[in-house]
Amino acid sequence: MPAPYSPLTACLVLLVLWGVIGLAGLLRPTSLRFVAQTLFPISALCSVALAAVAVWSLGVAPERAVLAIGLPDLPAHVRRDGLSSVFLFLLGAASAGISVFAAGYFRRGHGTSAGLLCLQYHLFLASMGLVLLADDAYAFMVSWETMALSSYFLVTTQHGLPDIRRAGFLYLLIAHVGAIAILLAFGVMQGGSWQFTFEAMRGARLPAPWAAAAFLLALFGFGAKAGLVPLHVWLPEAHPAAPSPVSALMSGVMLKTAVYGVLRVTFDLLGQPVWWWGVVALAVGLFTALYGVVFAAAQSDMKRLLAYSSIENVGIIFTAFGLAIVFRGVGMPTMAALALIALLYHSLNHAFMKSLLFLGTGAVLHSTGERNLGRLGGLIHRMPWVAWLTLVGALALAGLPPLNGFVSEWLLLQAFLFAHEVPRTFVNMLLPMAAAVVVLAAALAAYVMVKFFGVIFLGQPRETALARAHDAGVLQRLGLVWLAAGCIALALFPTQIVHGLGAVVKQLSGVELPAQTAPWWLLEPIPGRQASYSALGFLLAVTAVVLLTILGVRLFYHQRVRRADPWDCGFARLDARMQDTAEGFGQPIRHIFGQFFLLRRELPSPFDRAPRYRVLVGDRIWERLYGPLGGLVQRIADGFAWVQQGRIATYLLYSFVTLVALLALVL
Amino acid sequence: MRPIEIVTQLLELAAALAAAPLFLGWINQCRAWLQNRSAPSIWLPYRGIRKLFHKDAVIAVQASALFRLAPYIVFGAMVLAAGIIPSMGTRLPFTRIADAIALVGLLATARVFMSLAAMDVGTAFGTLGARREMMVGFLAEPALLMIIFVASLISATTALPAIAEHLATQTLGLYPSLAFTAVAFTMVLLAENARIPIDNPATHLELTMIHEALLLEYSARHLALMEWAAALKLFNYACIGFALFIPWGVSTGQSGPLALLASIPVLAAKLLAAGGVLALIETVSAKLRVFRAPEFLATAFLFAVLGLLVHLLLGA
Amino acid sequence: MSGVPLILQLLNFCAALLLLLSFAMLSQRRIVNLVNLLAVQGSVLLLATLLLAARTGQHHLYLSAALTLGLKVILLPWLLHRLIRRLGVYWDAEPLLNISGTMLVGVLIVVFAFGLAQPISQLASTATRNAIGIAVAVVLLSFLMMITRRKAMSQVVGFLSMENGLFFGAMSATYGMPMVVEFGVALDVLVAVLVLGIFFFQIREQFDSLDLHHLESLREDTDVGRN
């Protein structure tokens, strides 16, 4: 058992507490007041406590314990080190905001009862925490599976609708394909000792081909959960189907457990990564990033847009991952540390930004009942709290200074700047161009965020029913404020956070940044290169100039304002249907990146009395990969159908043959 | 932080604010000379801005606080950018808070706020302009980043004043990579500042507008600030070009006030020349169709990548 | 960069110009401009040869420069212009891949060529050995131009550009080929252009167009019964 006052004990206690809260929901399953307004806030407090413990334990040495649960000869090993602490902080801090929001969000509807939902939700949280603490393959896989199953039930909350059931099935299918790959990876990594503890895997010295096989299997398996192309297809289906707090939790936290997994396997269990693994991860990550953001720009459903945007950010995280492996593999440890810090920082950022955005869409959905961008608009007037807080999230996701999305991109670009020093011939020329693709993805993300925020909150309402939209309740606002505050905190104190992450990275793979000489308000990861950024200074400078301008204008001129109809070049009869639709806003992307899409257009003929124009944007991967794959599986399955003859005599023959064979073998 | 650095910083900001509209006027004058017509006075942009400040602001009924706040934020971003770019001296106290990548991010922030403000009123032309502005933006950013990469590879830093100082203190050399990136930078400058061949700054046809369409709903002081910010943006881009490609004449290192004073006429000369070149390019080219803009910017990106590859191969 | 003598800087500049010209040719649709770009490429080669001759003092390079001037800058472009006027081909048809795609493939080819050339540069002993990568890139880019074009004239220009690239490569790696080889290659190129000119008339007579797409109909049809 672990020591009484260690961080590990505290984490385990909090995870158990979540489980208890989940079970408590079953006591009064249909009482919304009890479940939503009492239990969820308590769970949020547990999340805050978990985040606090995680931050406190960042510098503490790793500690492990063996728990008495599990099978007789296979107890569960747990271990908490720096990497676990970072992701536990992510889990705790993000889920705190989400739980508070969920307290104000859930209402009586069709589908799962509140108590059951509470159980599934807390089981999800607890299993994610256990994944981060597991120190042997059994505990890991059990918690991984529990995470997948509980999130499946959460996704299919409104299980009355066939679309949602289908989305859940797809999610479960790909989650299990990934789990098989992870299981195989663990099987390779035990390296002959048949001990499945992580400790044994750390000690196993795998020959190069087996190590490569383990890495590729882990990349495949964890990539399926994270949403790398081509295993991303479940994300755009499952996220819109799930309730918004669940989508936020999945996008913000669950995808990061996959990142944790792949980091743990590559840098901790496999120990010495080889440089070409990094090239593979980088290539997959880059393609995923570009793919995700291009599709996000073409969506008409706000939650699908955010789901594709998550795919893009996962791509960027894996790009940083690949870069770190390349640097580590060729012997540039400082740069590897910088890339790893950029990776972890981006994971933290994304958890807060994406959760904030998903909760914002949840509030909009709660208030208007609309998910389609073509029926929203002008909500900044009816829902100011939600609008302004979502603006923080949107600007952050667009990677604009001084918010947090920019900091992690800045760190990643600084790492790319050193890529030309890699002593491998083609790699040192291709990596700077990879940086350009990352910038393209980031710039496209800004495009997508302008579309998202502009179509939902700005402009004129596209439906008259939107006039009855109400702003978010107190609990919802609290959740949104918490997450926005997290974004701002991550934005304004990068130096301290980089310092904390630096300790984690050192513990993980032994690489570290050189000693920092800059003052507390300045981020200068590599001293002596004069590449620095100060978020606080930036914010202060911009605010100062803006205030001075406002004051100057007020002093020298006047502040008179008149309200009138919009000018619109003198066109008198302006109505809400004349502004850009979501599809219209995405048209340049469809035009420029047409190769990525499967476009089906239905054009009206000149003689149509009620002309309709439809364009359906599909994913080519369904047609190119999953279609043939599905056909193959079907054909193999059909091939086995001959076993089922339908005659009793044949079945008796099967039993007879098996019996004879067993007798022959045994005797 | 020596007093001379603070003076340099303030002088640069003042020069940018004061000279940006004049630069616009000068470009119009050069264009008129090339097109054999007489131009309006070069002080006309100032009169325009002053006139606008006096007017009452007329705002659409459905405009939100974002619409009213955006001009101040855009203007503030451009002023901050002017403070980071080494137009007269390379010892600037502001530069530690933002390097070249942050500068690109700052310009992106201004662009996003302009687009959001245009979408706020919900008119057809505003949203059309927002969409096109963001399109040009996302294509220009990778090219701009490649240009900065090449410059920072040569100077081993991403802080713009440090790059300028490094290049200015080298003995004169022919850098083919910088020549390529100079061409790329000129193309990006034309695209980002809504000049021909991407956008016609003097057009009245709303369907062809990119930048102007974002300003359609603004009036009075808001419009004045946006126009001033647009002039500042062009000025800033020109100064970035000078810092990266022709940095000589800027006061560097530990030089005293004399060097700072000497850099003012040098900057003026560079601006005069740049204005002439820009006017020439605008007169000789025709405006491209909107969907040829990606090809234009892809060519700019290609030039920048070629510059990078040539640098990696030839070391120059 | 400050320590490198001026002539070497100029030579590097010429190399970069050559690369730029190859890309310009890749994106050019007007055949007249293609031939003009070829002439410019020849003059850049001339300049580079003269600079190298001035630096290394090898006199056979002056002779080589004169040959380049006569053949690549004056004679071949004039021949091609005459052909264009007589055949009436001024524009190329839509290339196989669109411009952006071609450029992207071009950049990848350049990366490949540069990567390939780095170990070779270590073996050479000349001062301009870094430019071998550019020579290889020019050759491959001209090849790409030949592949993606439809009109026969553009392919000839690509062929000549490839020869320019090889010449530049020889010059930067070994200060030029032996004069016998140079004369031989120059004669071959001249004869090739003359013969190709004759072929073009034949093709045009047969198909009424110089679009090489039509040559595909010369394939044997194995499932057609009539003779």
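A, B and C are the chain letters, set down in written order, and residue numbers restart from 1 in every chain.
The definition used in the following text is that contacts are C-beta pairs under 8 Å (C-beta built on N, C-alpha and C of every residue); 3 or more make two chains touch, one makes a residue touch a chain.
Because the structure is predicted, anything quoted here is derived from the model rather than measured.
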Comparison of A-C and B-C by number of C-beta pairs in contact, larger one: B-C
Reference chain A; chain at largest CA-centroid distance: C
Most centrally placed chain - per-chain CA mean versus overall CA mean: A
Chain A and chain B, separation of their C-alpha mean positions in angstrom: 36
Gap in Å, rounded to a whole number, between the CA centres of chain C and chain A: 50
Whole-Å gap between the CA centroids of chain B and chain C: 39
Sites on chain A at which at least two other chains make contact: 429, 433
Multi-partner residues of chain C (at least 2 other chains): 107, 111, 114, 118
Multi-chain contact sites of chain B, meaning residues that touch two or more partners: 294, 305, 309, 312
Residues of chain B that touch chain A when the two form their complex: 53-54, 56-64, 66, 72-73, 75-77, 79-80, 83, 94, 96-99, 101-102, 105-106, 108-109, 111-112, 115-116, 119-128, 130-132, 134-135, 137-139, 141-142, 145-146, 149, 152-153, 156-159, 162, 206, 216-217, 221, 225, 291, 294, 301, 305, 308-309, 312
Chain C - residues contacting chain A, complex: 107, 111-112, 114-115, 118-119
Residues of chain C that touch chain B when the two form their complex: 1-2, 4, 9-10, 12-13, 15-17, 19-20, 23, 27, 99-100, 103, 106-107, 110-111, 114, 117-118, 130-131, 133-134
In the complex with chain C, residue positions of chain B that touch it: 170-171, 173-177, 179-180, 294-295, 298-299, 302, 305-306, 309-310, 312-316
Chain B partner contacts - residues on chain A that touch it in the complex: 377-378, 380-381, 391, 395, 398-401, 406, 410, 413-414, 417, 420, 428-429, 432-433, 435-437, 439-440, 442-444, 446-447, 449-450, 453-455, 458-460, 522, 529-534, 537-538, 541-543, 545-546, 549-550, 553, 556-557, 560-569, 571, 574, 576, 578-580, 584-585, 587-589, 591-592
